[in-house]
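A short write-up of the structure that comes next.
Chain IDs A, B and C follow the sequence of writing; residue 1 opens each chain.
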Amino acid sequence: MIPLAVFERLEKVKQASPLVHNITNTVVTNFTANGLLSLGASPVMAYAKEEVADMAKIAGALVLNIGTLDEAVVQSMMIAGKSANQHDVPVILDPVGAGATPYRTDSVKRILDEVKVSAVRGNAAEIANISGQNWSIKGVDAGEAQGNLEELALSASAILHTTVIITGKVDFVSDGKQVIKVFNGNQLLTKVTGAGCLLTSIIGAFLAVENHPVTAAAAALSVNGIAAELAAEKADGPGSFQAHFLDSLHNLTEEEIMNFSKVKRGSGHDL
Amino acid sequence: MIPLAVFERLEKVKQASPLVHNITNTVVTNFTANGLLSLGASPVMAYAKEEVADMAKIAGALVLNIGTLDEAVVQSMMIAGKSANQHDVPVILDPVGAGATPYRTDSVKRILDEVKVSAVRGNAAEIANISGQNWSIKGVDAGEAQGNLEELALSASAILHTTVIITGKVDFVSDGKQVIKVFNGNQLLTKVTGAGCLLTSIIGAFLAVENHPVTAAAAALSVNGIAAELAAEKADGPGSFQAHFLDSLHNLTEEEIMNFSKVKRGSGHDL
Amino acid sequence: MIPLAVFERLEKVKQASPLVHNITNTVVTNFTANGLLSLGASPVMAYAKEEVADMAKIAGALVLNIGTLDEAVVQSMMIAGKSANQHDVPVILDPVGAGATPYRTDSVKRILDEVKVSAVRGNAAEIANISGQNWSIKGVDAGEAQGNLEELALSASAILHTTVIITGKVDFVSDGKQVIKVFNGNQLLTKVTGAGCLLTSIIGAFLAVENHPVTAAAAALSVNGIAAELAAEKADGPGSFQAHFLDSLHNLTEEEIMNFSKVKRGSGHDL
């Protein structure tokens, strides 16, 4: 994927400022909303079963994030997800910590059984868990184990019948046929809670303006990663990084994207 | 309203450090608490129906914010609001996203039917919605539509029988008879989630030390807006702005208020 | 306690990166998770009664914080606490605002009746309240009243049969026999919401790698306090302080700990 294509998708997000409806965990609501605002999207958080169907149907994308589940939230995710499906609003799922407890694994299965999702984003352990493959996990942030991640993305996509995004040092996007690798990013992202959750919501914003999930995800990953690279240059640690990262997301220029975007086919050829 | 009057109200807040009881949405709790601490007030968040009456009655002000409603929260708002009314604790309502879903609109009506509020703060679309007037809204952050905002503030105040605060590029405060305009602020506030919610809580802190709602609101709006102006001068984007804004709220001097405060009557004369 | 002993405990945390399971209030989840990440620990927040037993048993420590209680949360704390007890996972309790409402006081009693805790951390008013001693409190952040804090720490520890940590300008740690004083810290911590809550979780991280609760707590208090001192030197106010504080927690060096750590016996001799 050429850098210009990444930039064009970002411009579309900024122009449309899509409403991104997040049903997400209580840890990351603030950072997710601020990240989406910095990007140029319009975040909304709504959880009550009384209103999620109404909110999802007017949204550009729906984000389901299981970071701090309970039964009320699962129920609301089902209602919102079905409403989104009925109104052709793309849905993206973040299976935070799937595998850490049976409840998380089961909840993801229930959601995937009832809601058609356009994409799933997680680390390798989470994606392996929800697609029934073997991988290790500790808590919700781990999963940096070895393994053929490209293969995992392909097989998980085929099993789950959706676009799969595995993020880590390198990011992998697959629709079950092709794999795209994104090489942008910085290690400080792993020291900011909810950086992955925000990334899922950013992919949601791109899905709202770009029908092709692989293209939307690759562009979002590159934008997010470049913002992190630029922020890391100015940061003294995870605290200042967080502020610089939001600044960078907001200020990202065409020139920066043209210079730094690195999105490649799995085989090594350009997309 | 002369700048000195604004400064005097701020000094009262800092000296009294009023306890501000917030029943607010899950996105903004942290930023709201930090903003109130920077201002010099004492924030507390409490939601459980078992304790909200006890907390509201010892508070200097009660803030009801419907950003992420559910039935348990609505019920707690009713209990807390009635306790505040019984103990002469001023109540301020923030109808976040009213009009975006029927559930939000209905919940605001239920609260206003049962709880006497000293003030309501929202954007134009939210205020129009809860006062039954026509306006467009998208999600919870929009409502920058055209229209005679001064007229809207006056009529909404008359309809709702409370002080109405409409915030936007210019802010309008009305008790149904007069309108005050506040010209302080900066556009970066629209890129920080919960900036409006925090502002509502800051008005709450001023209501705790100033009986006249219009005066309290105008002073709070000016203080909040000046802090934003000073922060914007140092900020590189929404992330660094957020930190500078809290610093400015904390460090605001008499000289800065005297130099920058801009509060005018609707007709253009000084208050 | 000599500075080297503090540094060694911090190194243990960084090497083990213990999973710290937090059932905490909705105001501080984000800051707590970011603080634990900056320290080098692995935070997880999980609340649902369906999964807290599973999460607590794989954790290195369990943190129970009553800042925004409701019945579902109290129930989950009981389940998680019992699971932690069964699996020898240390539990630390933060009785935020105990005494502010009867509900908070009662809930702490219920938790302490059913769950064995390794340590309790609070301000003087909170500790006095939960140990049935007389003290004043306003809201959740106050409790800076006068009194013999060393005596309070000793008596509360004897009454509660657990290690007690009273934080304030000086911090006191007692197991009912000895008292340790920690002199690190900075006043700006009182202007950041959840600074105390994060401190409780940081003590949790140290409890995961150090069996002796007094030693773990003293080391954690010193590390947290030094990070605050270093951050305050760079900060312009509470907003920038917060970012610098996370940076400092992340970057803390052996030399800084050797130079600045101040942990003393109550009698004035070194531990």
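Here, a contact is a pair of C-beta atoms (placed from the backbone, for glycine too) under 8 Å apart; a residue touches a chain by one contact, two chains touch by 3 or more.
Computed from a predicted model, the values in this text were never measured in an experiment.
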{"item": "Overall pattern in which the protein chains touch one another (line/ring/star/complete/other)", "value": "complete"}
{"item": "Self-contact between copies chain A and chain B, residue sets same or different by half", "value": "different"}
{"item": "Distance between chain centroids, defined by C-alpha means - chain A, chain B (Å)", "value": "33"}
{"item": "Numbers and ranges of chain C residues touching at least 2 other chains", "value": "26, 30, 242-243"}
{"item": "Parts of chain A lying in touch with chain B, wherever the complex brings them together", "value": "19, 26, 29-30, 33-34, 37-38, 42-51, 54-55, 58-59, 72, 242-251"}
{"item": "Complex contact set, residues of chain B against chain A", "value": "25-28, 30-31, 67-71, 97, 100-104, 138-142, 190-194, 235-240, 242-243"}
